[in-house]
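The structures come next, written out as structure tokens.
Shared chain: chain A. Partners: chain B in the first complex, chain C in the second.
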Partner chain A sequence: MTARNTHCSPRPSAFGFALDRRGLLKGVAGAAALGLGLPIGLAHAQVEIGKASGELTVGSNYSDEVPKSGLHAAIEAFPNKNVTVKLNEVDHNTFQENITTYLQNPDDVIPWFAGYRMQYFAAQDLLSPIDDVWASGLADHMSEGFKLASTGEDGKLYFVPWTYYCWGIHYRPSVFKEHGWMPPTSYEELQTLAKSMQDKGIVPFAFGNDGRWPAMGTFDQLDFRMNGYQFHMDLMKGKEKWTDDRVKNVFKEWTNLLPLQQENPNGRTWQEAASGLVSGDCGMMTIGNFVGQAFPNGDVSDLDFFPWPEMNPEFGTKTIEAPIDGWLLAKSPKNPDAARELLLFFGSAAGQEAYLAKDKSVIGAATDIDKSLFNPLQQKVLAAVSAAPTVTQFLDRDTNPEFAANVAGQAFADFLADPSSIDSILDDMQSQAEAIFGG
Partner chain B sequence: MTARATAGARRHRLRPARILLYVMVTLLAFAWLVPIVGAIIASFRPYAETIRAGAFSWPHTLTLDNYRNAWSQGDIPHKYLNTAVILFPALVFTLFFSSMVAFVTSRYSWRFNVLLLSLFTAGNLLPQQIIIQPLFQFYNRVPLPEFLSNSGKLNGSVWGLILIHVAFQSGFCTFVLSNYMKLLPKSLNDAARIDGAGVWKQYWQIILPLTLPALAALATLEFTWIYNDFFWAVVLEQQGADRPITSSLANLGGQFFTDDNLIAAASMFVALPTLIVYLALQRYFIAGLTIGAEKG
Partner chain C sequence: MATAADIGTPTTQAQSQLKSLTGAKAGRLQQFEGHDRWVVLAMLGIPTFLHVALVWIPTVASILLSFTDWKGIRISDIQWVGLRNYEQIFTVFQKSFFQALINNSVLLVFLFIGPTTLGILLAYLLDRDIRGTRFYQGIFFTPVVLSLAVVGFIWKSVIYSTDSGLATQLFGGGHSIDWLGNQSFVIPIGDRFGVSANFLAILVAIAWRHTGYIMVLYLAGLKSVDSSLREAAMLDGSTEWQTFRHVVFPSLKPINVVIVVITVIEALRAFDIIYVLKTPRKTEVLSILTTNNLLGEGGGNVGRGSAYATILFILCFGFVIWYVTNHFRNTQEGADS
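This part shows the complex of A and B:
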């Protein structure tokens, strides 16, 4: 009510209008431009590779051998030779932990994740929108789902999808063959299979949770299989409660699964767990396709996966977890033209094929990519992701990073250490979620 | 019982205790050695063998491949150079500045001596993590000319790193050096003053040469401390290629997968300079650890 008593006229928002005056003016200007028949796209020229020149700084969290050589190959393949790309290579983990300080002095082109974690920085005005890059050809060879994952809360596009992989239950076909097992098609079959493994002295699920993120993968599978995509995403955004009976049911089911998983997972890295899969001590592992990198010499010829089976007929197997990695444009790039050209190239089949020639653990996001380059495992990933109408990123990419790292990671580790205390763990999670998401 | 009998009995009674002590010491030494020996063994084994047979299995293949790959993939020679460019100036400036403060506080009686010394010592107790945020913001706002810093700022330049090392290490060095200088007779200064030596001459030509043992001890200690820094370099240097060796070890690891055997080999390269310094200057190292223990 104070607004009415001031001498200045109140802001429109004070009376419930969503727009402030400046926004309204912008809208009017936009409408005027439309009315005059001017294409809005004129604000940005069409991005076309070959016009820019000069030095371009590109951040890279691809510091280990295989991804590094892939990125070098992709940059080598960039057709505009008037642009000199200067790479700033930092390891993935340090890059991620340092992202807030990094974004204060960023490189022009920045490697990052799709979805919530991109939207989070876009909303803080730390990134440049790249609708012009999308309008210059990117949109033609990206799926609708990937476009959605590249869109900020304000409806603008901020992200260029590059590569992705998916989560599922991984196994060694040779081991399955030896014992006459088949990949299960229902949850009951999965449980029968697990029992049969236990009878033969094989631990059904290799499981490690050192670093406190791998267990998030199992939670995601259970939650969207039992409660569906929408509930899962609303839970991630703080719109549903962790104390909800549906979440409690997830943990009840997980408690039933615990005897099938390797014991004491909190002290075991996923790589150590994967060595159980390699040696044949464990039969299966719920993990991302990157598990193949832990196989001797990266040989994935004896590696396959199946999606987590249906647990609720209402939701079937419609959702898959397929985290997308890609590229962003800094807020004030030093060489914006060259940066836009490189982003356009990174989003194209040509750019991604150059990368995939070196790194076989992921697949490219462009729909027109040459599929004959893929090995059988990559073909299966493509088929699995194409078959799923809804795609999640991963718990720590779909929710507030602080909540994922400090609350959820800890809570899941506590649950694995003492499953009986799940009710108090969930109460605690809910109160912290309310503090972080603002109730 | 006679005194001699008691002594004999005590010697007898001590025997099991002594055995227990040896057992304990051996076990402790073993516990300390397990990770180091484990890393050395891993560094000579191919990763494929470790994942197939487990980290604690008997090695069948020994190879230098991990060392060769770590050296080239980790760009180790370049990282050694990055470290040297930060380490040596920081070391020289730290010892130079702190010896000057120590000289004044120990050789002159001045009202604020104790306050000044406490200030320097208190700086020692401050955890790095507490000041990193304001320090980062401050560094980010200080411009530097292009020829001094690629980023055009104090943030992301070697000068920023040298500066913070000098600031953080001079507290301890001042404390140690002033205690050492206090042990030198006051009459040395008096004699020099009678001969017409100014303050600078007293410091540079009389006191500093006499402080050399303490400086050598501190130099060895500070070498390992500054060399081992990970934190400052990770936060204050954003260019991966310019980071010192400790902060760039992680470059060999990936988003998910890390070849632990390769990292083990690279760790050996990282540990090597401190080991060499320790073995060559062991004498000073031990002196350095006890030098501030006695108060003059």
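This part shows the complex of A and C:
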């Protein structure tokens, strides 16, 4: 999908909102409030595709071949031919690194992530609210969780969900079949399975942490399985301490797991680790669905995954990590009408189906999308995300990106290099977290 | 100086008399009439303007920003925080900061004792018109045409790959070796700092390129050494080493100065190769800490990034001042004698 050799986790980002009962109620309340605020909603003209004309600039960080052709196909499918879409294509990493400068003078339609990182820019007054786009049909085919993920801190909607994927333990069904293994349903079974792999000379978990983001995936899984969604999100936002015993327990458990993970992870790219999964030298890998790209010709027919098993009965397997990607509207767009029409189209099943025809590694966010287009792996992702009441972003999207890149990634690398020094690592992490969140 | 004097030659005597009457400034301007004066003003003014606008204004702005807290989005959001950024760098972020300082220093020392010495040795040997000297020159020079970023990619994928790299195959004995991820200290400095294994691995890659660079510079210098000097030394019965140490090396002083400057600058500005290797832990250098705080998706932390930049600037500027005063003093002395 994107250049995975990046400094941070792969594209389709994530949203960090609860879809639990309370969250649902809030969402319903929000929807009700929107209903009550109908006159305000009507103050905006209804967005309807086909009215606007002229030139529209769209930013794109879809620089890799597959997502690039997908985006071209989606724009090609945009029905309003009076609008000339001018795509401003930028290399993915360059786009990410210059985002602050870019947002001072952006294209009308901007590719970005849901959740914390969208809220951050919305709070800086760099984006236009698009409640009118949502009121013009988008809300009908988006889940409440996705809607919440598109909402800024001020309660207005700023984001159009586009595609997503999820994290889990990936494996090759043919290898499991050959050895008579079954996907584990409990943590004990997972450990037994891993032992049995080791007995056969297979490394249970392929693991590469080059770039310092892949290990964040393992931390996330352990933390929200052991301590629950709420603690995990509070920790991400700087409200809980890294020196908390609950965090220390996570690293204690991770230390037990280290012998099951491929050794020397810090210098290995995730692609190199994935090649162990492909060859059968490794049995499993905790990673996102994008691991399919490491398979020959991107053929994912022999790729499957299961969610990280339950570790604490209180929290079960209620949380899943599912990063979501989408589109924003600039603060002062040059062609606001055309931009709103395109956003409405990008949020629709038709727009997303055009993209998914080219890119099979993600799922479309619209609920009414034609599911027969999905391969079995995509169907499983859809089922897993729908079954999880709470959804997290990836660590570097749930927290202050500066903390993720300059503190957490390095602390995890230090832990993997020397697990026994975890207490002093966590002390440093906490004081650096205070400097960043306090400042 | 010399050029100004040349231009003014026909009227030099009159000028010097005028100078004593009206002061140096008026005298100097008097030399240029009408059109010439505008040309001189433009030739001095445009570069000065560009230099001030592109170098000094951003520098001063960075220094000022290092005393602020700013996300880099709106000018009105800039908050004055005094020395807080520096205080944090020396306390909560000291683990990264002192490691970076150590790495920059190690790089400097290493460049002198490693690639520089080796480059000089290679140049000296290749200057001997041995058979195939052009061929060897070509081989050693090839890495120099690559940018350090490209060097980083090549070494990472071909040589240092954990499971399948050339170095892993040669030294691993069938096991994987974590060349770029192994952050344990080979040479510890105190409890928490030192020179890590992966930084040494990067140093080798840097040396691969830098050696050729020094070799070419030195080879050019050696060609200009008058061979009669060497012959005279030989006739006087000096050994090979004595000839190099007391005859060739001193006569190459201009080249030596260039090499010192290049090496120091190279060590302080080191950035690209470590950046493209995604800054393995413990290989941080000061320029990396600067960019880590300035670039990125969170809008960065302009204040702390600028503070790192200011520290780097002070180090560079210290060297520049030392170098300029020394160099000019020596030139002055040379001119006087």
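Just a few scattered comments:
Assume the second predicted complex is superposed on the first by the 400 of 439 C-alpha atoms of A that agree within 3 Å, B and C clash if a C-alpha of one lies under 4 Å from a C-alpha of the other, contacts with A are read in each partner's own complex, and residues count from 1 in each chain.
As a working rule, a contact is a pair of C-beta atoms (placed from the backbone, for glycine too) under 8 Å apart; a residue touches a chain by one contact, two chains touch by 3 or more.
Everything numeric in this text was worked out from a predicted model, so none of it was measured.
Comparing chain C and chain B on the residues of chain A they touch gives the larger count to C. Looking at the shared chain after the overlay, A:Ser372 reaches neither chain B nor chain C.
By the touch criterion defined above, A:Gln104 reaches both chain B and chain C.
By the touch criterion stated above, A:Asp91 is placed in contact with chain B alone, chain C being left untouched.
In the superposed model, A:Ser279 lies in contact with chain B only, and not with chain C. Contacts of A:Ala294 after superposition on the shared chain: chain B is touched, whereas chain C is not.
Residues common to the contacts of chain A with chain B and with chain C across the two structures: 98, 101, 104. Touching chain B in their complex are the following residues of chain A: 60-61, 63-67, 88-94, 98, 101-102, 104-105, 270-271, 274-275, 278-279, 288, 290, 293-297. Touching chain C in their complex are the following residues of chain A: 5, 7-8, 96-101, 103-104, 117, 120, 124, 126, 208-212, 263-268, 272, 276, 400-402, 405-406, 410, 413-414, 417-418, 428, 431-432, 434-436, 439. Of all the residues in chain C, the ones that touch chain A in their complex are 69, 71-74, 84, 88, 91-93, 95-96, 160-164, 176-184, 198, 278, 280-281, 292-293, 295-301.
Interface residues of chain B facing chain A in the complex, by the touch rule stated above, are 47-48, 51-52, 54, 69, 73, 136, 140, 151, 153, 155-156, 234-235, 238-241, 243, 247-248, 250-260.
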